[in-house]
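Each chain carries a letter (A, B, C, D, E and F) given by its place in the written order, and its residues are counted from 1.
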Amino acid sequence: MAQNDRKLKIMYLSPIGFDSYDSIFADMIRDCKYPNSVVHVTSLSSKVGHMDNLEYRTYNGLICTELVKAIRQASLEGFDALIVGCFYDPFLLTAREISGEMVVIGPCHSSIEIALKLSNKFSVIIGQKKWEHEMHSTIKEYGYADHLASFRSVNMNVCEFQKDHDFTSNALYKAAAQAVEDDYAESVILGCTCELGFYQQIQEKLEVPVIDPSLAALKQAEQAASLKRAYGWKPSRKWSSEAPPASDIEQFGLFKEKFEFGNRIVIE
Amino acid sequence: MAQNDRKLKIMYLSPIGFDSYDSIFADMIRDCKYPNSVVHVTSLSSKVGHMDNLEYRTYNGLICTELVKAIRQASLEGFDALIVGCFYDPFLLTAREISGEMVVIGPCHSSIEIALKLSNKFSVIIGQKKWEHEMHSTIKEYGYADHLASFRSVNMNVCEFQKDHDFTSNALYKAAAQAVEDDYAESVILGCTCELGFYQQIQEKLEVPVIDPSLAALKQAEQAASLKRAYGWKPSRKWSSEAPPASDIEQFGLFKEKFEFGNRIVIE
Amino acid sequence: MAQNDRKLKIMYLSPIGFDSYDSIFADMIRDCKYPNSVVHVTSLSSKVGHMDNLEYRTYNGLICTELVKAIRQASLEGFDALIVGCFYDPFLLTAREISGEMVVIGPCHSSIEIALKLSNKFSVIIGQKKWEHEMHSTIKEYGYADHLASFRSVNMNVCEFQKDHDFTSNALYKAAAQAVEDDYAESVILGCTCELGFYQQIQEKLEVPVIDPSLAALKQAEQAASLKRAYGWKPSRKWSSEAPPASDIEQFGLFKEKFEFGNRIVIE
Amino acid sequence: MAQNDRKLKIMYLSPIGFDSYDSIFADMIRDCKYPNSVVHVTSLSSKVGHMDNLEYRTYNGLICTELVKAIRQASLEGFDALIVGCFYDPFLLTAREISGEMVVIGPCHSSIEIALKLSNKFSVIIGQKKWEHEMHSTIKEYGYADHLASFRSVNMNVCEFQKDHDFTSNALYKAAAQAVEDDYAESVILGCTCELGFYQQIQEKLEVPVIDPSLAALKQAEQAASLKRAYGWKPSRKWSSEAPPASDIEQFGLFKEKFEFGNRIVIE
Amino acid sequence: MAQNDRKLKIMYLSPIGFDSYDSIFADMIRDCKYPNSVVHVTSLSSKVGHMDNLEYRTYNGLICTELVKAIRQASLEGFDALIVGCFYDPFLLTAREISGEMVVIGPCHSSIEIALKLSNKFSVIIGQKKWEHEMHSTIKEYGYADHLASFRSVNMNVCEFQKDHDFTSNALYKAAAQAVEDDYAESVILGCTCELGFYQQIQEKLEVPVIDPSLAALKQAEQAASLKRAYGWKPSRKWSSEAPPASDIEQFGLFKEKFEFGNRIVIE
Amino acid sequence: MAQNDRKLKIMYLSPIGFDSYDSIFADMIRDCKYPNSVVHVTSLSSKVGHMDNLEYRTYNGLICTELVKAIRQASLEGFDALIVGCFYDPFLLTAREISGEMVVIGPCHSSIEIALKLSNKFSVIIGQKKWEHEMHSTIKEYGYADHLASFRSVNMNVCEFQKDHDFTSNALYKAAAQAVEDDYAESVILGCTCELGFYQQIQEKLEVPVIDPSLAALKQAEQAASLKRAYGWKPSRKWSSEAPPASDIEQFGLFKEKFEFGNRIVIE
């Protein structure tokens, strides 16, 4: 996979100060990563509060400062790519600005790229109607709004998805089937990284592509890391992609303390 | 102005941990506020770093957590309206989600509303080309992109605008004149709250409306505060405007410490 | 409210040759205007026909010539701001071209500005499906179409709204509730100036902002008048905002007879 | 051309109270109309003022009431199609609402339809920059904005086009050539009905289609009239195309006096 | 109709290698063409396969090479205009590039032009949901998407429309009525050239314009041919409309064999 | 890279009947493919003519029938992914419809996906202005138009790029530098698969990402093939992605002869 001898270094960062999901993502990554990737799974520190979700813009906002610091730290540690592990792709452009030579990947963006190679219209299965506005804005900004068939909500909170797997699987399947039959979706994206572990069953029953966003992001991160290494395709630093100058960072006293991630699960 | 006996309570918050600009805004507000407004001028605490600008998305990101806390604190203190004092209108929708019954106002949004009552096309005079992408995205999301004639950059940083008033005035005038003559702008918006103190001169010379964003925001904030008091026009809390539930806030341990603003200048 | 000693001079003009509604608007204005505003409430002369509504484009067209003359006359009389009192905002750009130093305000535009400070999506409650196309075109041109949740029609004509208040209130409430529950509106705008007197009840029951367009327009007119006086923010006369030259007006024999408004109710 | 024995009845209406251009249009129509068309060339009555152009929205507004009455009168007189003879296509949707079974045609709309059968991008040659905003809005509303290469202004007023033919021809050619070479137009539309008599010379020199708007409108009107007669393709009266009910017209006292056109030139 | 003595020469080309529909179109054309048109009705040769429809993009693709050759051949034979007789308007821009001085007309484009002179919103009645995506893309590219009320499918295949006329008429009527009543269409377009022979009945019952696409295309082709002859309004060959140079055609060995159409029905 | 034992099977298909470029692509692929990919490099048969480019829509059209047959044949041969090797991404949706379980990849689409992970705005360096319209339409349909900074043409034909490498490199560099400096591109895409072999030099000098479209497509194809194998993410066959039914193919006599590719270079 790579023309280099050292392995690709990837971080999967849950942008919340709550690490109970880490092992779930780690299990998936252990199964699915390429052999020459090393993936660190971690969360923000608990300074941001113990939210188990980012369902509200407020929660997004509360983790933002730590996220910026985390991104910069990961880039200093030489990660090739980093996944901001939430389907809102929170602060993706911000993260990309301060990421140095590291490529930053969002699950929403990654999932859509895969869905649109396999179909012309996709739907997103979300937990709460509340999420739709922010996600829709993001999808519009990416340019994919004309390919969006619908959002479908299962009326569940993030923390509920992993509680009763049969219940969740059933709820997601039902919403996905409605998206296909009533909204004319040709593929389905599970619109929360915590909707992990369900895509296969639904895909088999529905017979359309069903995209898991964490897995999609992992694969796009590995691809981006590989391309960066092999062909020098690393982040632009021109115009809107320009990073803060070192002199400013010095003068403003930014990033003085080393950022500490939460516990890391390292998957070699 | 109001049917209530107590005065309208407004906060002008510079979303940076740097309070040297506060007195400049305070002077303008003292001159321009309505008699029945009380305005508190303040900044974030210095925890966010000593940035004197938000020119980079990174700096926006670094202040975000404190901003969210500040918004909530202001709402608890009973402010009727709050101005996020930066032309990026940083995190406006986030701030509005957590603002309780307080209306949150952005200088960019406020300026455009005024410009488009007086003309069909406006230009924005910015300091650096770098700012354009983020501002343009914001203006698109508001819906005003078709009314935007152009951005024109004067190649100055935020901290330079107040250093040599003649130089700045000249640079802004020149860019504004080009916007009118070459880009067919019919009005001009000064695209940084630190471009304060220049609109009148330029307006007189150019003979088109020239909008000062801090002043625009002050006036829209007073208006919003007044309407809230008189007619109950306070923030919606439905759908995408829903606020985090108290139970979550409790459970996640959010907002436990009282947020402390920087020094306040209180203008009665 | 103003730094000038003389009062702000505002006209509320019903753009129809039918003055029976004037007293209804006058009552609202008497209750709601700022102390330093003087508001003249009036209609066009009866030359335009005795229409009690502008539901058809034809009726809009029939009042247009008189409206242009009225706008110019009001500007000559020194009004600071004028409200074209119909939710179609008929001929707003035309009126603004010939308004001299007077700011022209539309109820639709005003209402949306208020709604979007309090919510991310609004619906408009109209009388007849027929109205939707013209209003939708207007909202698209303003740039607000992406924030529009829906139109909801109550199947009533303009002249019916003020006949049986309980019936109307009930009909408007029902449509507004459907807009919120089924179309995911976060705020509601009453889409006809004759839907006057109902916003409060509905707002209390629905618990989302409900905007009355006449009141919204009054407040925006007072604001615009005040800003014009204090900061010189008066209409641009560049490019598409250029007014007809005096020489043309002379040569073409335009505006030779003084325009006579209908009866005026003057509210000091 | 028609399956009926009586001739198609078309009106070319200059929407101004100034009939000096009528003979110019009449000459063109005499040369170009189909044998089975009868065309009446006329103007509005002088009540609207003696404007020789509609360059300002104000002038558009001043003729609107008479225009509405004229449209209705023409429809009562049994015209099959009517051309509103100005490139602004002023009040086209209004005219279509009250036109009964008569089809209303606009020169701008007609010209674009022809240009886009022959090319993928067109430019419009206008007299004054002032015209652009209104025309651009119209073209956006039609849906053709993505096919518009540019507007190019020759800095002439409407009344000047027919004064010195060589001068005008030269100015139009120069602007058209720039549109093709610099703006990548593939066809050119002369953006004023008074730019009559020049398309052929320019077309020969430029070797791209150059569309004359009066001629385009004549041909589309004849086509529309013919289709109406032969296939019953007459105006819809559903939804936004619904016409005012007769009972309203009666009740409001509209159209009581017979509308009198200016002098007519009848071309059989 | 024309200032030339020889008749307008038009081709109606069914872009499939299946000529059983030819006589149906020929019958309509015989009834409806102008006296001075000669129309050749034909299909592609059977090399493309014996498809009786183009419902799939694959079928479109399979006929494309022959279509290009056919277009060029028709242009060499001196046709003034050619109709690509399928509502997908397949490869319209491609056909226009290689058409020399011949104007190429599409039934979809033609129908919309007629519908939008008579109404503000149209619906399209299609056979299968499958067709919608491709047609919608085409309509977006034309610029008409904002005027589209809906697609309505009757769940029939192309080859079924002409089998049981009562059944088809009924199905089309029902869908059209739903488009008008539920989707607020003001006019209806029959979205397949094989929906021929039904517009009149439906139009009479529905009382809105119902457009037959083959007939619409015939009329637009005659109009385009006539304008080309009389005014030199022939295809642009600039920029994106540039045709392949003769030297390339020679060098690449293109179009070496004369293209043979299927049988032709010639209607004088 | 894969959890399967057999290698990923990829086809790089030049959609022209001219195989002189094959070895150039083969050389790049040999250097850059992942070890577990097998790539077949080939062209269409010479039936389509000996075009060395697809610069004109006509040439696109001429290869379309063969392309459809080739796609189906490749899918029958068990390829996991296929690249249509031209930056126009010709007939991408068509190819995807008939591709069975094979994923079809376009160089334009692939390049943009990579560029937008590394920057917010990209420019495309094309050979001729002529290409722009078709590519721009494609980019609009993908949804990426708002991220497009500009097209820049070097005024060269496809066949010239590989003739004098220094000349080409220089021309591409100059255009790319203008795109960055004057059009504010943050990354650059080489807009022709024959602009192969230049990205590295330009990237080093310009210090922004420069994307080679063939290489981008190769990598996206390998990724897509891998995801298909591992997670079942294969093409949707619902709604607009539905493939022609076998019964139709049988009945219409399609694909009866086995499609023969040109010579293949097989890279293991």
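Going forward, contacts are C-beta pairs under 8 Å (C-beta built on N, C-alpha and C of every residue); 3 or more make two chains touch, one makes a residue touch a chain.
No experiment lies behind these values; they were computed from the predicted model shown.
**Q** Based on the averaged CA atom positions, which chain is farthest from subunit E?
**A** Chain centre farthest from subunit E's centre: B.
**Q** If I rank A-F and A-E by number of C-beta contact pairs, which comes first?
**A** A-F
**Q** If you average the CA atoms of subunit B and of subunit D, how far apart do the two points sit, in angstrom?
**A** The separation of the two C-alpha centroids amounts to 47 Å.
**Q** Express in whole angstrom the distance between the two chain centres, defined as the mean CA positions of subunit B and subunit C.
**A** That gives a centre separation of 28 Å.
**Q** For subunit C, what residues touch not just one other chain but two or more?
**A** Correct list: 93, 120-121, 129, 133, 146, 184, 239-240.
**Q** Which bits of subunit D are touching subunit C when the two form their complex?
**A** Residues of subunit D touching subunit C: 48-52, 56-69, 91, 93-95, 97-98, 129-130, 132-134, 137, 141, 239-240, 242-244, 248, 251-254.
**Q** Once bound in the complex, which stretches of subunit C touch subunit B?
**A** By the definition above, subunit C touches subunit B via 1, 32, 34-35, 93, 103, 105, 113-114, 117-121, 142-147, 180, 184-187, 199-200, 203-204, 207-209, 211-212, 215, 219-220, 223-224, 226-227, 230-241.
**Q** If you look only at subunit D, which of its residues touch subunit B in the complex?
**A** So the residues of subunit D in touch with subunit B come to 129, 133, 140.
**Q** Once bound in the complex, which stretches of subunit B touch subunit D?
**A** Where subunit B meets subunit D, its residues are 120-121, 146, 184.
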